[in-house]
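Look at the two complexes coming up: subunit A is in both, with subunit B in one and subunit C in the other.
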Partner chain A sequence: MAKKQILSLIILVFLFFICLLLCLFYKLDIHNKELILSYIRIPSIIKAIISGSCLAIAGMFLQTISKNPLADPYLTGLSAGAGFGIVISILLFNSINYSLFGFLGAIITAFLVILLSGFSKFSITKLILIGLSLNLFTGAIISFLILKNPDKSYEMTLILTGGFSSSEIFDNFLIALFILSIIICSIFIPKLNALRLDNKLIFKNQSTANKYNIIFVILAAFLTSISVYSAGILGFVGIICPLLSKLIFGNDIRLLFFTNILLGSYLLLFSNFISTNIIYPLQIPLGIVISIVGVPFFIFFLLKKGGILNN
Partner chain B sequence: MYKLLISILFIFFIISIPSYANNNSFISISPTITEIIYSLNAQEQLKGVTTQCNFPPETKQKPIIGDYYYINEQMLLDIRPKYILADDLSAFIGKKYKKYNIEPICLNFTDITSIYDNILFLGKLTNKEENSINIVTLLKNKVKEAKNINKHPNKKILYIISTKPFRTIGKNSFITNLINESGNISITSELNTSYPIISMEYAINKAPDIIVIDYHCNRDENISKLFPNIKIIKMTKQQSDIIDRPSPRFYKSIEFFAQLGES
Partner chain C sequence: MGSNGTGKSTLLKIITGNIKTDIQIENSFKNIFYLPQNPYYPSSITTFDYLSSIFFKNNWKWFISNEEKEKINNILMKIGLYDKKNISIENLSGGEIQKINIALGLISDADILLLDEPASNMDLNNQVNILKLLKNLTYNNITSVIIMHDLSLALKYGDNFIGITKENKIIQKDSQEFFSMENLKKIFNMDFEIIKGQNNTYVQIID
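Take a look at the complex of A and B:
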């Protein structure tokens, strides 16, 4: 690793911990500190780390295999699938476990899209187009359900925008899913380094490359579903973090895997801090803050180091 | 034969054109306004309602022309009302149909005084002025009676609309006015907005005595953990309908809030 990269990594780790401490102790009321820490702040921090990491890694996987910097974790129609699950939970089950319904909706949609893309004749373009079609189809059904249920439309719209207060469940199951997914991803990471190059030069035949492509699409879908489970549908993180990591730390996927975890977590922790404190006691929806915080930062780096993306 | 055919077609054409003469009819796209119209006994002029208009039960006999977000344009043109009556939530729909010479009337319900003003205004519009004056007088007396019910005033109330995200009532909400009129205090009344999304920590630090949860609020077991040893009341649909609507039944909401202090 070059000195510049090491310095960048140290700065990122430092910023991450500063943000973590701010999220934990900033303006913490002494009388209710146990209640607030155990039920509000610590769960939010864990959810931020889980969803930020998952989205950033999923984005990195999809951008690498599709060799397209615009690839997004919700590429395979996951956002609409998750949204559909959440809406069904709100309408039919009085909002019980809607995070779980979102998770299941995302997983089922991803499975359907991969299945329709065809294992033997798999191609990324086909996957993107089928994902897009399914997204539009499910999106239309969600809009229809929101329009037909005006009593719950505001609640549905707010929950669909995502956020840590919008996610319902915080339990060991979520943490177990996250750790499991990180372990599996770590096993496959070296293969991704090969996939970022020209597949024809690396693999003997296209079917081997396709096999790994499918594995990484499934992993990305699984990670995104965990993020939905943790914080609802949060856009933008999955596009910006992999690109920023690449701009700052180069092309080595092994390093990018860890920097994406750090950067994704940091972006969500920082956005969460801003969303809950900047106009306290009012809260700004997290999705809005992520874009306001992330976009200028991203454009700055893009203008400064954008040439790297061509490589 | 040809002339006869032309004459028949002409008569048919004249009949099919909607009549504008003596037209003081209107449709209501606000459940609150529908309730006021019925209380004024002016329902004959009411030619259409929305799916949300469910009180009084007789509203079911009126044609349903749409909901909060959508009006069936064909039905609207068939009815050809003179006015569309809307509240601040549905005002944007009403304005769309000005192109058909259907005048939108938007009534704002910000506090109790605005309810009295709007009842009197609708009384004038429907030529039921006397009824409107009587209703307002009756309501003023009911409010006085409701205030006297509160034997344990100054209870700090947290009114929750939804928990995910955590949404409550602010200074500009009509419900805040109802709570204050009942002799209790809404702990979020200093927030300078209508229905803000707030930090849950703020509500915990304000230490409410009673929590009232709206009927439409999603189920959340964490509320009892976050607010231990605090009286939590989950409203029924009927109670929510009364509290959410600034209709002539609003005095019942004041009675409801005034009685919360009783164990």
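Take a look at the complex of A and C:
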């Protein structure tokens, strides 16, 4: 590891902890300290960390195996599938507990995308195109449903922008899922280093490469559904974090795994902090803040070091 | 060898299974390495990291062993790129990238290398070095199948030749029989003069 990378890593960890402390203790009311911490701030921090790192890792998986910097959970239709599940749950069950339906929606979409791309003649380009069309299709249906039900349209639009405010989630279950997924990922991560090479370079036969591609798509779907389960649909995180960490830290997936976790959760923690505090007591929807915070930062790095992405 | 568009690359793709056909292929080789003409490489990756990718293919460990590092260093030394091991691969020249990709095949434990015009961007000196390296491998029972257009180099380093004619017929012979005026006329539709020296055979184009 070069000196520059170590320095960037230290800065990232430092920023992460500052943000964590800010989110925990900024303008904390002394009288209800424990109540606020344990019921509002800590759960939302946990959700931010979980959804941020899951989206970032899922984005890294999809970008590495597709060798396409545009691939992310949002574009491959996983998030839209989750959104569809959420809207259905609001319409049919009148419930705010949308996360479980989001989870189901993401999983179903993931399998639909993989199934339509075909197990035997699996190709990455097909996967992205099918994901993109499914994304547009479900997006259209969601917009239609929102127009059709004006009495619940505010609720649905708000939920589609994502956030950590829903408190009806079993945090322990979520944490268990997250830890499980991290353990599974860390088993498979070194393999991803080999998938940096051209798919056509074969060493045994073509099917082994495709087998790992499919495994990583399923893992990405699993991670996205965890993220949707915890915080609803958040676009942009899944595409910006893997690219940004690639720009800063180079190309070793083993290192990028950790930096993605840090960067993803940092971005969401910071956005969460701004969305809850900047025009207090109003809350800005998280998706809006992520775009406002993330896009200038991202474009700055792209202009500075973007030559790397030209191939 | 053969003219453009006669199906040389297609043949390799059929052998590797990249193009699906009904042809049954009997394979007596354990590991195949296939190098397409312009393989994808990730941006901003150093030469060393690029070569190390291959060692993550068949096992589950997080770090590559010292032996494998040694192997990469050795191969870089052999192809003369050791001093560029920490340079991003996109900053290398076309010929150097081709050398790196061949090195990938050499450390991949493959016992057959299928190379699609591996030396087309290299200078003469490097072409000869790479072909010598590949020739030496044959003494360790590693076969190389190379698509190439340079007749004199092919004649110098090849053992067996497959030519594809314009009519998509295949001529397969060893070097003595392959380089005859009739065969070359069939393949390239040009006239050649074959000069047999004491130890070597030479090919000369006749206008």
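A few remarks follow.
Keep this in mind: the second predicted complex is superposed on the first by the 301 of 311 C-alpha atoms of A that agree within 3 Å, B and C clash if a C-alpha of one lies under 4 Å from a C-alpha of the other, contacts with A are read in each partner's own complex, and residues count from 1 in each chain.
Basically, contacts are C-beta pairs under 8 Å (C-beta built on N, C-alpha and C of every residue); 3 or more make two chains touch, one makes a residue touch a chain.
Everything quoted here is computed from the prediction, not taken from an experiment.
Upon superposition of the two complexes on subunit A, no clash is found between subunit B and subunit C, which fit side by side.
In the superposed pair of complexes, A:Lys67 makes contact with subunit C only, with no contact to subunit B. Contacts of A:Ser143 after superposition: neither subunit B nor subunit C is touched.
Of the two partner chains placed around the shared chain by superposition, subunit C is the only one that A:Asp252 touches, whereas subunit B remains out of contact. Shared-chain residue A:Thr125: touches no atom of subunit B or subunit C. Of the two partner chains, subunit C is the only one touched by A:Lys191; subunit B is not.
Of the two partner chains placed around the shared chain by superposition, subunit B is the only one that A:Leu282 touches, whereas subunit C remains out of contact.
Superposition on chain A leaves subunit B and subunit C with their closest Cα atoms 42 Å from each other. Contacts of subunit A with subunit B, set against its contacts with subunit C after fitting on chain A, share not one residue.
Those residues of subunit A that touch subunit B in the shared complex are 29, 31-32, 35-36, 39-40, 90, 94-96, 98, 147, 150-153, 155, 158-159, 163, 165-168, 276, 280-283, 285. Only residues 67, 187, 189-194, 196-206, 246, 250-252, 254, 308-311 of subunit A touch subunit C when the two sit together in their complex.
Contact residues of subunit C toward subunit A in the complex are 16-18, 31-36, 39-46, 49-50, 52-58, 60-62, 90, 101, 104, 108-110. Contacts from subunit B toward subunit A in the complex involve residues 51-52, 67-70, 162, 164-167, 191, 193, 196-202, 204-205, 216, 218-220, 222, 225-226, 228.
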